[in-house]
Structure formats: structure tokens, C-alpha cells
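See the structures that follow.
Here come two complexes built around chain A, the first alongside chain B, the second alongside chain C.
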Partner chain A sequence: MSRANRPFKNVGEAADARQKQAKKRSLQTVNEHFEPGFNEAAATQVVFKPPVKAPTASLYHRIVVWLLFLILLLPLAGTLLYSLSTSWSATILPDGLTLKWYAALWSDERFLRAFGQSLLVCFGALALSVALILPLMFVVHYHFPKLDTLMNVLILLPFAVPPVVSSVGLLQLYGSGPLAMTGTPWILLGCYFTIALPFMYRAIANNLQAINLRDLMDAAHLLGASTWKAAFLVVLPNLRKGLMVSLFLSFSFLFGEFVFANMLVGTRYETLQVYLNNMRNSSGHFNSALVISYFFFVLVFTWAANRLNRDKA
Partner chain B sequence: MSAPSSLRRWLPLLCLLPFALFFLVFQVAPLVWVAVNSLNSPNGWGLGNFEKIFASKFYMQAIKHSLEIAFWSSLFGMAIAILGSYSLRQVDSKLRDFVIAFSNMTSNFAGVPLAFAFIILLGFNGALTLLLIQLGLIESFNLYSKNGLIVLYTYFQIPLGVLLLYPAFDALRQDWRESAALLGAGTWDFWRHIGLPVLTPALLGTFVILLANALGAYATVYYLTTGNFNVLPIRIAAMVSGDISLDPNLASALSMILVGLMVLITAVHQLLLKRSQHVTR
Partner chain C sequence: MSLLSIHNLHKSYGDTRIFSDINCEIGQGEFVTLLGPSGCGKSTLLRCIAGLTDVDGGQINLGGEDLVPLPPQKRGIGMVFQSYALFPNMSVAQNVAFGLRMQKVAKDESEQRVREALEMVELGDFAARYPHQLSGGQCQRVALARSLVTRPRLLLLDEPLSALDARIRKHLREQIRAIQQELNLTTIFVTHDQEEALTMSDRIFLMNAGQIVQSGDAETLYTAPVDAFAAGFIGNYNLLEADAASRLLLRPVNSRVAIRPEAIQIGGVGIEGTIVSHSLLGNVVRYRVEARGVQLLVDVLNRSAADLHRDGQNVSLAIGADAIREVA
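This part shows the complex of A and B:
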């Protein structure tokens, strides 16, 4: 009412508006718990920082955080050290350091083939997912917004049904008959699509809400674009970033998928994880080099996703 | 513009078709097959498979192991994640961002590579095992036992727990803490009467997701024990892809029990959530 109160009210509204934006844009809204995190991050820009805490308390928290980091680091660091050591048995520290295990790994033909096949399957599955999910997203959000509720239930299925359970049905249904696919990489494309679906759907849905699809399409129509043209030339470029983030993240866990690959295909089209499993009787150092090489790739892709995600904010 | 109106109406639905087809073939059909054939026993249609499972000590042991490992690993994983995420909120942003990013990355370090890393670290001749024995903290450690698996599972629960719980601590406002202190509440009182009740829905939700995560885990335990440790996913897989005793119908029944357990956990979660006082936040 009174003029004097206006500025304060506006500050509050700005924070509110920002919170809503953050909610819509956040990629990781796989779970409702994420939202407050983004809201907090957005709201801190207007809310005052809490006072500095007592040094003993902050020391405690710092120790806890470092301990957490150490626990998470330990298996990785152990494997890295093992992959770099000449020999390491029955002692706490290795005897010497070498790069020969990496040299052996990266000149091993079977490894290179498995690596290439893993990449091929992952990229293939991601391409398939994009081809299937993008039109779906557009149609659902532009033509049938009510379907979104149904979709949000459907995308829970891949979470609720473990791959082992799906495999039981898949092996029986597609082991023979008109759709015989087990033992070929083709079945993995379909299965990996179901794994990536929930993440890609959520990410793109958030992105779509943030760009205000309906207004964008109406504007494009007014300017004379057809629906196809508007979808490809206006909407798609706006979704690029959310799509890329979800692709990077999906890649990093599809690359590590083992259950489907081992149960449905096995050695007939060996992926990296299956190869690692089949090499269980070879040198531990060699396998360590394999694990570290694998994780390095995952690291690069998650890092890229993180980076992109931060740029977006 | 020139297209007939019926085509214009059907075109969007046509775009849904490829997705629906793939989803049906790779997600719905296998589940339906499993659900139907779980009722298909050698003695005809009925609950024969389930009767056989519940009468068998072997299968009941698999269920018991699965539940025990899932429960304890979720509990420990969550305890560490709670302490960690709470402290993460209190340290400076540089350290926080770094550790959170690292934690998110390690959430992809699971399955076969993780099992392998743990063999190096905590196997019979693992570096950490030897170190702990030399320090006199433990006499021996068997990674390939139930307790070993709980440790291993706990590890992969931590990043997921942090991912889910870290934002949940937003619900706790700094000024509540100060208000409580002003009114004479100690740290314990604050957590007992304010902190925990407010966090309960998030904690329950996270616990459920961790439980489901552990119940369905297969790769880690498969690699570690070459499929010799008796848990549900291992039993299911052995009956459809093993060399001996293939029985897809019995595997389906076990699968339905696994899925049923997950549904049950989710249902209990919903029930508890309704009862907890902070639902209508």
C-alpha cells in the first residue's frame, strides 16, 4: 500500500521469481529433494549470509568433509596406485612404479575392440534415445500437456524394475522367434534407451518448461513458420544445452552398464564391462589400468556435464 | 496449411508411436512376461512357484541376505551421508563444490570396477586389510562374506545419499537454530525436537531409494563372488543364464518377489510419510 514498503516487497518478489526459475531449470530434478537446493542457491543472492561460526565448529565440519572425500577417494586411489606399480603383494605399499600396464592395455587388441564396441553401443543408444524422446517431448508438451503426468509415472518403471528382472523377460521373449535379438548389440540399444529415458525426460522437461514452449511456438507461427520449421529451428536450439547435459550424464552411466550387457549379449559382442569381468583371472595390475582408463572417460564426461550445467545457471 | 485436417490431428499422435513401440518392447513386455510366467509352474497355472520358493531354505536365505545387506548398507550409507552433507553445508564453497562434484563422479564408480577396486583394497591381501591388521585394529577381513558386502554396498550408497540429502538440509533454517538456542535448547534438544522431525520425510525418502538401489544391485556382488553369494539378483540371473538348472518361470517368481519388495518398501514409505507431521510443508 504505502510507497515506502514497495522496495522491500519487490526484493521479496524478485527472490520468489528467481526460485521458480531455478525450479524449472534445474536439470537434476529427478527427485523432489533437489528443488530446495537450487532454490537455496538462487535465494542466497538476496538473503544475508549467516554470521561466521566459531573456529572449532568449522574445524570439525572441515574434518568431516575431508574424511568423506578420503573415503570416496580410497578405492580409486588404491586402484590407480596398483595400476602404476611393478608388483604389489602382501605389503602395504608397492615395490616400484611403472607405466607398462597401461602400455600393455592400450596395445591389447581385445581391449581396444571392447572399448570401441562400448562406445558404439553407448552412442547408438543415445542417438536412438534422442530420436525417440525429442518428438515425444515436443508432442506431449505442445499438444497433450496432460500426458506429462502419465509420462512421469511411466519413467519410474526403469527405476522400479531392476535390469536383472527385465533380463528374465527379455531373454525369453527375444531369444528366438521374429524378434530374436539376444546375443546381438541391437538388444542393448533398446535396453539402454530405457535406462537413459528417465534422466533425459526429466532434463528435457525442465528445459522445455523454462523456455515457455507455447509462447515460442505462437511467435514462430505468427512469423509464418510451420510447426515443423518452428520445432526444428526455434525450439531445438533452445533445448541444446539441457540435451547435452543429459547426454553426457547418460553416457557416463551407460558406459558402466554391466547387467544387460553380460546377461543378454555376453562375449558375442564384448563391451568394456563384460571384458573386465572376463579378464578376472589376468593380472590385477593390468585390470587396474583398465579400471582407471575406464573411469577416466567417465570422469571427462561427468565433468563436461557439470561444466555445462554450471554455465547454464 | 494444405494438409487435410484429419492428418494434422493424427500427425502428433504418429510422432508418439516410435517411442511407445520401443517402450513397450523393451520395458513393458518383459515385465508382463515375468509377471504372467511367475504363475506358470510345472503343476499348471497357480501359485506353485511361490510355494516352492517359500518352502525352500535356499531361496529364503537369498531373500534374507538381500534384505540384510540392503538394510545395513542403506543405514550406514545414510549415516555417513547425513554427517557429510550437514558438514558440507558448513564449509566454504570452494571445498564444498569440489567434494560434491567428486561425490557425483564416484556415483558412477559402481558395479564391476568398484568390486575390483575393493578386492585390491580390502581383499585378503588388500593394502588396507594389511594396514589395519598391522595396526592391530582387525584380525582379518573377509570381503567375500556378508559383512564384506555390506562394507562394499555402503560405499556405493554414500554418493547417492549425499546427492539426495544435501539439498534436504535446506529445510533447516539457520535462524531456527538460533531461536532454539535463545529459548535455551542445546544441540541435542535442537536435533531431537526440531532438526530430525523436519528432516524426517527427506530421510525416509532417501532411505527408500538406497534400499531399492541395494536390493537390485547385481554387478558388484556377481564380480566379487563369481555368482556364489546367495542374494536375490544372483539367484534370478543364475536361473536364466546359468549353465545348470535353467528355470525361467521360477526366476520370474523370484523377480516378482524382488519387485514386490520394492513396491512394499515404497508403500510403507508413503504410509510413514502421511503419518509424519511435516507432510504439508
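This part shows the complex of A and C:
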């Protein structure tokens, strides 16, 4: 028995079948109407296939990538090996391996103090940046979007003036008088804030543009949230990614900063890079251990922060 | 008695007038559409009603209460945005519950109401998902649930379907209309799409250059445009200048004339013309016909291939007297 003639169990099924048949009929009519057109289209249609990669091209690309990777890694690997060697001067490979340079470094009180002071200045400057830049970004993008153009010019200034030049200016301005703070970590906090500003402003500005700030704020307002609540509950959590990325970038940059730290503060508040400079006449193995420790710390810190910054969903 | 009354509302940015002398009354449970081209002031008017943009003068009364001095939080208005405006850091359930959280509704009641709202938009199984895991249509349904869950007195829809593809748009507009009717919720819908306006609305306010140029139900707007703009914006009217109309109709005409393309019939005894071109619009075939030096659009139901007329074919056109409408 054909499906069309089969008795239906109930009225609903009959209605469903009627609709399906009607649809089939109308499609048939449409197809008949357009059949020549469809056939012409089928004859000229292009069948897309994924591009086939030539094996030599693929090998070439791999070689380029690995070479680049090697070039970047080689100095670091050499430094690592040097820091682990007992002595290494007239031979291709080190005479022996040891951890004594790391032991000496990590038991050096001056190094630990410089390391801690570097961390303190970096985190302090970043905390100051977050406290000042986040509200600024919100005000600029929500209330005065035209100011964004001016801000984009202002944030270029720390890069436009060379560090040595601005250091001299800062030394003159803050060397004496009521705002005398050269030789103290306070001047580094302020100075590092200006260095972090461009990184943070750009990253957060991109983030703000991506989330459509105005519509989110409007939606939150209409749902009963005050501007503060909307900013804290809706906007701030959505800036997390941009904020964290800019913080990592700024941290890596500030942790390795030398010119301002050396010229504005020097040994009076020794940071890691100033310490490294002051130890340049000691053993090369010791200095290598210091550089590797510095790289390793930045690497672990960035990795851990990236893990924490992952999306929930 | 009307729920929402707007009197002499006006708004400008500097020297640029956005809208002026807006007056309208909207009754409880009515579905009203603000229809008009881009830049005519319809979205700004909606934002002024919501309290998201200040007005320069005039009154907005909702249920007897003057809304103008109130902030958006206190207006009891729900709004759905074209961009969805879902909070990306919150799940679907948290998004929908946000308004209730702000109202400090008890947790049990809030969960119950969120569940009901999501069921209403057929997204009961999507509560734990995040906005980036949803399609555009689903996002807009969540936005609708979020604005309904707080039980607003007035629902505003700012081009909610514009960012969606045609099939989803059609389904969603039916769903929005069904929910609106079920809840008897007064709704103002903004669109520039005449098909959306005609199929969904109880009443349409047609706007142009910051003013309401015509209002009425879909049939009135479609069949009786008050001026050339209304005729040009609604449907695909043939708009003829007075001299062209006189030539076509063989009688003196003093103003512009609008003729609906589907009101012109091909066949029988009438005005002789020649088919210039034709295009297939699915169930309708649109012919461009030249008659007495005037080019006319003629829409004919696409019954079968055998009924199609060829380009260059001579045909005769019949235009009923009631289809010819003189407009300003």
C-alpha cells in the first residue's frame, strides 16, 4: 500500500501528511518550472576542493620555521649551558656540569633584595596604572568618546621621547625642591606608569570597542543597574582579557627596564637589571645563571597568568 | 484610554533637528511600529522613550506617570537592541536573571521566572550556555527573555531582526508577535523594513525627516498613502508625475499619481503597452512595461511557466479607477 493511500492513525497525522504532500507538490511545480535553469547551473558549477600542498613547499615552510626557532633559541641555550658549566673556555663542550652558580645566586642576599625590589616597583606601577587607567578609559569611551583621539596622541609621548632624554628631564624636575624623589622607588612608580600607559590604553581600548560598551551599559541601566553597578558587574569582567594581556606585556617590559632604573635611582634602590649591570665584572657563569633565572621567572609568570586568564566557557 | 502618550516631543543635536512635534497615543496591548528610512529619528525617539537619550522638550506619559524626569532604571521599560547587548561574561540564565538581581527578587522566585522566560522563547535547554555559544537568532531570543522577565510596562524593540538572516528573521517576528499577544504587552517596534512593519503591527507610524508623516493600520498605510514619500516607502508604488499620469490615463491630472504594481492587470482590453523586462521574485513576476511613453511596474502572480510573458511582447493593461491614487 502506498503511503498516500495508507489509512492514518489520527487526524493530526493526516493533517501532517497533507501538508507534506502539498509541500512536495509545490516543490515539484517549482522544480519543473526552473528545471532548464537548474540544469544549466549544474553544468557550469565549480566544484571546490581543498588545495593540495606540494610536499616540497611544506618541507620548505617547516625548515624556515625551525631555523627561526633555532636562531631565537640558540643564544638562550648557550647561556643556559654556560650557567650550568663548571668551566668552559677552550673546548667545544663544557668541562663539567654544576648547579653551584645557581646556588650562589639564590643565596646572595643582594640579588634577592634586588629581585624583590624589582617585583615591588613593577607591581606597584601596574597597580597604579590599573587604578588610574581603567576609570579613565571608562570615562573617555562612555562619556567623552571624542577624547579618544587626543588620548591616542598622548599615549605615544613616552615612546616619542628617548628614555635617556626623559631621564635627564625627570632628574632636573624631581632632583630637588618639594617634589624631590630621585633615588627613591616613588619616582620609578610614576615613570613606569607612563611606560605602561600606551600598552594598557591600546589593549583596553580595543577590548572596549569589541564589547560595544554603550549598548551593554544601556541594557544594564534599563534592567535597573546604576552606572557603578553596570560598570562593575557588566563592563569590568569583560575587560579582563584586554587588561590581563596589557598587564603581562607591561610587566615583562618593566621587569627588564634598565635605563630609568639606573639613571633615576641607581644603587640606592637596586632593581634586578641594575644589579645585573653592577655584577658585570663578576663570573660569566654567575651572570648567565642570573639571566636564565630572570628569563625563567618571566616565562613561568606569563604561563601561570595565562592559565588563570582562560575562559570559563 | 491610552497607556503611552507623547506630546510635542522634540530633540536636536546642536543645529541638527532629530525629530520635532511628535504626538501619539498608544493603547494597552498595542503593537506599534515606527517605520522609516535610516536617519529619520525613529531610533532616537525610542531611546528618548527609554530614557537613554534626553529630550529637549515635550511630554512622555506612561500609565499617567511623567517619564521625562525619570532615569531609565525607574521607567519600567524593557528594551531589545539590534546588537543583542547580551553580557558576554554571563551565562544565558545569568543574563536573563540580571534584571531580577537588580530588583533583589528572592533566589527561588528568580530561578522560576528565568525558567519560564526561557521556556517562552524556546530556549529552556540553553540556560547554561554563554552568548558566544549561541547563534544570532538565539541571542536575540535571550535578549527578549531578559527584557520580558522583569515584567515591563512597555517593551521597546530597536531593529531586533536587522542582523539576522531572512529565514530566522521571519520565524522570530512571528514568535515576537505571538509572545506580545499572549502577554498583552504594549510594544513599540522600530524597523526600516516595510514587510516587518506590515506583517507584525496593529498600527504603524511612518516617519520621515524627524516627523510622523502618516499613521494607521497596515492596510490603510499600504492602500492609502498620504504623500509621495509614503507611496515610495511602502510597497513598490508606480509614482507618476502629473504630466506622465495625464498621458497614461488620457485625462488631465493635476497632482502626482501612485499606482500599486499588483493593481494593474495584464490582459483584456485596456492600455496598449510593451514588456521591457521582467524579473522573477519567487511567487510574483515583476514586469517593466512601457505604455504611452510611461514605464510601469506590474506585479503578476507566478502561476506557471506557460503564463509568463516574453520581453518585447505587446500586452494590454487594465488599471482599476480605485487603484489610481493622487498624492501630494
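As a convention for this text, the second predicted complex is superposed on the first by the 250 of 313 C-alpha atoms of A that agree within 3 Å, B and C clash if a C-alpha of one lies under 4 Å from a C-alpha of the other, contacts with A are read in each partner's own complex, and residues count from 1 in each chain.
Rule of thumb we're sticking to: a contact is a pair of C-beta atoms (placed from the backbone, for glycine too) under 8 Å apart; a residue touches a chain by one contact, two chains touch by 3 or more.
Remember, it's a predicted structure, so these values are computed and weren't measured experimentally.
Undergrad: Chain A residues in contact: does chain B have more, or chain C?
TA: In the superposed model, B touches more residues of chain A.
Undergrad: Going by the contact rule set out at the top, does A:Leu243 touch chain B (first), chain C (second), both, or neither?
TA: neither
Undergrad: Could you say whether A:Ser58 touches chain B, chain C, both of them, or neither, answering first, second, both or neither?
TA: first
Undergrad: Identify the partner contact of A:Val234: answer first if only chain B is touched, second if only chain C is, both if each is, neither if none is.
TA: A:Val234 sits against chain C, while chain B stays out of touch.
Undergrad: Go through the superposed model and pick first if A:Leu222 touches only chain B, second if only chain C, both, or neither.
TA: A:Leu222: touches chain C, not chain B.
Undergrad: Who does A:Cys191 touch here: chain B (first), chain C (second), both, or neither?
TA: In the superposed model, A:Cys191 contacts chain B only, not chain C.
Undergrad: Is A:Ile211 touching anything from chain B or chain C once the two structures are fitted on A? First, second, both or neither.
TA: second
Undergrad: Check the residue A:Leu308 against both partner chains and state whether it touches chain B (first), chain C (second), both, or neither.
TA: Neither partner.
Undergrad: Tell me which partner A:Ile92 touches in the superposition: chain B (first), chain C (second), both or neither.
TA: Only chain B; A:Ile92 stays clear of chain C.
Undergrad: Output check: A:Phe144 vs chain B and chain C. Expected answer is one of first, second, both, neither. What do you get?
TA: After superposition on chain A, A:Phe144 lies in contact with chain B alone.
Undergrad: Could you pull out which residues of chain A sit against chain B in one structure and against chain C in the other?
TA: 32-33, 226
Undergrad: Sort out for me which residues of chain A touch chain B in the complex.
TA: 31-40, 50, 53, 57-58, 60-62, 64-65, 68-69, 71-76, 78-79, 81-82, 88-93, 128, 131-133, 135-136, 138-140, 142-144, 154, 157-173, 179, 190-191, 193-194, 197, 226, 252-253, 256-259, 262-263, 273, 276-277, 280, 284, 287-288, 291, 294-295, 298-299, 302-303, 306
Undergrad: How about chain B: which of its residues touch chain A in the complex?
TA: Residues 1, 12-13, 15-16, 18-19, 22-23, 25-34, 37, 80, 83-84, 86-88, 90-91, 95-96, 99, 101-106, 108-114, 116-121, 125-128, 130-131, 134, 155, 158-159, 162, 164-168, 170-171, 174, 202, 205-206, 209, 212, 215-216, 218-219, 222-223, 226, 233, 236-237, 240-241, 248, 251-252, 255, 258-259, 262-263, 266.
Undergrad: What does chain C use to touch chain A in their complex?
TA: Listed in rising order, the residues are 47, 50-52, 71-73, 75, 77-79, 81, 83, 85-89, 91, 98-99, 102-103, 129-130, 132-133, 143, 146-147, 150, 304-305.
Undergrad: For chain A, which residues count as touching chain C in their complex?
TA: Interface residues on the chain A side: 29, 32-33, 211-212, 215-216, 218-226, 229, 233-234, 237-238, 240, 312-313.
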